[in-house]
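Naming follows writing order (A, B, C and D), and every chain is counted from residue 1.
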């Protein structure tokens, strides 16, 4: 059983090696890669069905000592929220691989090999329970992305890869410095064992890496060139999946491991998140092309999710995880649709597009559905996600919720503008009459993503209710004196072991006391040790 | 009296040593530089004698003054005019500034070091017996304590000899070597 | 010991070393540079022998003899290269050796 | 009466074996007919390196107790034995890379003789336990390397590189010698242990000597600001020689630097720690900034090797057991990556018949997939990416600096790595993102012939580079045992 996580990581990696090494013709390479990515989805479904979502503990975990010298281990496993992120990864990656196959990318062996490698790396990021392993996977994502954009990208690809790589490498090296210091300070690199730290510098090192990846204002400078120059399915992966690695990092490492620092920096981060949200929405509204809209809406959505993560309560966290999954599906579907439109018209400029709905019912339907869901109409899953986030943020302060709500209005505007500019209005000069409706292959790629969204709209609680196990209680309370409480909950006994820590200088001292479960207190969800 | 004589010899040798060293680095023609170096080596040999290094002094004169310098002179004669250079002319000025700074720093460093040290330690050498530095004494050391150093020295010489053979090969016929820049 | 103290030898050798170093850095003829390197090595030798006398131990002299042999080896190789270049009609000026450039 | 010292032949065997092979190769130059000379010589050299490697492994196994041998002339311990394993391994790969190199056939045996002699010299050098053997060992391998650099005497560039290397190297060794003399003068001792035992910590003359010894060794390790010969020598030397120099010289010089500093100068640890940290930062800065503007790949890799010297010097500056481990571990993937990268450059160079620049690497990754992927892995390793040992190398070095309490060294290393991303990924970009057709590159003389030996060498390097990522713990254990020989 415990092998499942490892299989999820290494099945695509092994597949990548096979695909890259076997001298098959292009068509067969694509079908083999697609098959592997579908098997990966199957493995994930198996995992999800066997997963106990009622438990908040790490499951399917596996631990092997790697570098005993410094207590580094190969430790993988999944929490409930990781399961959802892994799931959406496998689904989106499968869609993108199949799209690549359908499009018939040049240099197929290298292409599919890199896509599968990327799958493995992303799944690794979501399941690694050791800081160094996490870093290894985090960096490993960059390698295939660099080549995928640089080789199969558009005309400006060299500049795009350069900015992309500079941003990400700077971020991840800052994180590496933090990891070295943090791990050696604590004597272990195991995420499940490592204690909290109160060092601002370490925290900022992590946050820099995650904020660049997410991306978060003002570290989003790599966004435009990269998303515009990548092949559409790579853009889909980037904004849908890879950006979630940054958000996951905040969720798994930056927030729970630095409780005091987060408390000190919460407002700053919330402000940055709000700026990302508003600024991203405005940019999306002004964007001249389809990809621009999707790309800046990603920036906005990242800001929204960070708002949820930092809301410091159950609602915000649940909403954030739900919205991560939603956004992965929406943005990858929209990027793929953008690619499909570009295939027909050779451009994504709104000025040159228009009227594509006429005579192309499938395109119109799919795009309308995806667009409507992503502008968060009521009853849609993204509405659920955003509502939860805003409700959570409201508990922090009503101002955050107001900003969020305003930005959601903007979201409706830019998304409707994009849809109407592509589908309606007069037929654009770049749209040939002969442009076909979506073909079977394209539908097979994008419809499942939309169906997932529709399914979630019907039952968003599938994720928001099952992301952090059954535990609904506090874990960390910042006390007025500057110390913090770290309770572990004993549900059977209905009480919590509260570890009270007080800070004096750099040293903290802790003592454990038993208290009865403080029900109803608004603080923090215990989701990972 | 004897002490005075030693001082006179030392001063003479030291002066000759310095002047010849300066001459080496400032002559225009390498031929004269090489001759000046021979003077430098000879005066150093005198200093070695004052330090009871008889064998080393003899080696200095024979190996250096004899073999090595003759080799130098042969090469200089072989190259002829090409080896001449007008010293202290041109060259990037920062290089000269850097060089003077570096040289001065090394000098100042060591003089300061020695100045600070001046006193008991450097002025009280251990008494030595008469055969200190004699060929027999050195020969014994070479075969006992420093056997390995001795052997390795011979290997170094051998490697250099092989190098000399390889580098001395003639250029290929029919090729203008200045044209061959294939790799670089 | 009669005559000058060891520290005078040390000062002399330091000056010699600096003169040699200046020669290496300022001159452009490889032959003279090679001669200057010899001065540096000889300065070190003087130091070794002076200290050998100071401590009344002969290993300094042994070291000096090895250094002579090594210096001779360096000269052989250096001269070999200079001759090879001279044969190929290369300008013997280290500032003009500009084949290798970034 | 002359009492011959007891000679520990086994301790000497890695270098003796190699120098023996070198002598045999000199005989080959005379005795073996011309057409058979190349394969025979190459095989002998390869066998010599492999044999020396095996002997070093045995020596490592049987030297758990660190002792000095042959009258305090050499150490017999695991620190030097491990370094010898790496040196001999690098040499063996260098032979594989050399085989197809176009060079003068009549001196082919001498070439391999000098290569083995250089290897033997380094193997001796890392064992040195007194100032005299230190200097002699240094000169032994240096002189062989000067000749090897200049060995392509038909090329002006090669001669020029050799001459520059010789001049700068001679100044470096004169500096080392002068420093040694000062140390000898202060303590009256030549052997490292006794210098430490004499206990003249912070004596001004000793400190001056120490500074000059560090400078002399830094010349060999090509650490800034003593690196000025590196780009020229690396560019001008025949590429297989460059490959050997870049890996083996660095191994030898850094391993010995750490040994000398910890064994002979423990009382001045604070001083040399600081000095080495300064040199490390200078190397990081100079190496990376220098590499940014290079177009010639050999020159670029030369500057990158300067910056790697900086990283490894961080491990030395940390002056703790973790630092020793870090240094030894770092050397393993570094040697493999550096050899491998130059081997790939050599392959491209033979294919095109012109110097390899970022420009004419275009399309290489698609034309020669295996070499392309290997090069990709090597440069990512140099950049310190996971899935290569280069990552753990940097990680350990940073960890050592952190343990020493010098977080600013980590910051310097991180900034250096950020800068280096530009030019390392530039190589990948050159290989993959452009088509060779687009630049109208054509192989000189038809399709490139398959070079099995070179590919084998590259694959060995690839396996070591990637393998050292997964097998960190065993390698660290080995390095730890080696570091136990040092008084830390």
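One rule holds in what follows: a residue touches a chain if its C-beta (ideal position, glycine included) is under 8 Å from a C-beta of that chain, and two chains touch if they have at least 3 such contacts.
It should be emphasised that the depicted structure is a prediction, and the values quoted were computed from it without experimental measurement.
Taken together, chain B and chain C share the touching chains D.
Central chain assignment: D. Criterion: smallest distance from chain C-alpha mean to the mean of all protein C-alpha atoms. Centre-to-centre spacing of chain A and chain B amounts to 69 Å, using the average Cα coordinate of each chain. One finds 65 Å separating the Cα centroids of chain A and chain C. Distance from the chain C centre to the chain D centre is 26 Å, each centre being the mean of its Cα atoms. For the pair chain B and chain D, the distance between C-alpha centroids works out to 29 Å.
Listed for chain B are residues 110, 114, 117, 145-146, 149, 152-153, 156, 159-160, 163, 166-167, 171, 177-178, 181, 184, each touching two or more other chains. Looking at chain A, no residue sits in touch with two or more other chains.
Touching two or more other chains at once are residues 6, 10, 17, 20-21, 34, 50, 54-55, 59, 62-63, 66, 70, 73-74, 77, 80-82, 84, 88, 90, 99-100 of chain C. Every pair of chains that touch is listed here: A-D, B-C, B-D, C-D. If you check the complex, the residues on chain D that touch chain C are 131-132, 135-136, 139, 143, 146-147, 150, 153, 156-157, 159-164, 166-167, 170-171, 173-175, 177-178, 180-182, 184-185, 188, 190, 231-232, 235-236, 290, 293-296, 299. Within the complex formed with chain A, the chain D residues making contact are 325, 366, 380, 385-387, 391-392, 394-395, 398-399, 402-403, 407, 410-411, 414, 417-418, 421-422, 425, 428-429, 432-433, 472-473, 476-477, 480. Chain B meets chain D in the complex at residues 109-110, 112-114, 116-117, 140, 143-149, 152-153, 155-156, 159-160, 162-163, 165-167, 169, 171-172, 175, 177-178, 180-184. Taken together, the chain D residues at the contact with chain B in this complex read 2-5, 7, 19, 26, 70-74, 104, 106-107, 110-111, 113-114, 117, 120-121, 124, 132-133, 136-137, 139-140, 143-144, 146-147, 150-158, 160-161, 182, 203-205, 207-208, 211, 235-236, 238-239, 349, 353-355.
In the complex of the two chains, the chain C residues touching chain B come out as 1-12, 14-23, 25-29, 31-32, 34-36, 38-39, 42, 45-46, 49-50, 52-56, 58-59, 61-66, 68-77, 79-84, 86-93, 95, 99-100.
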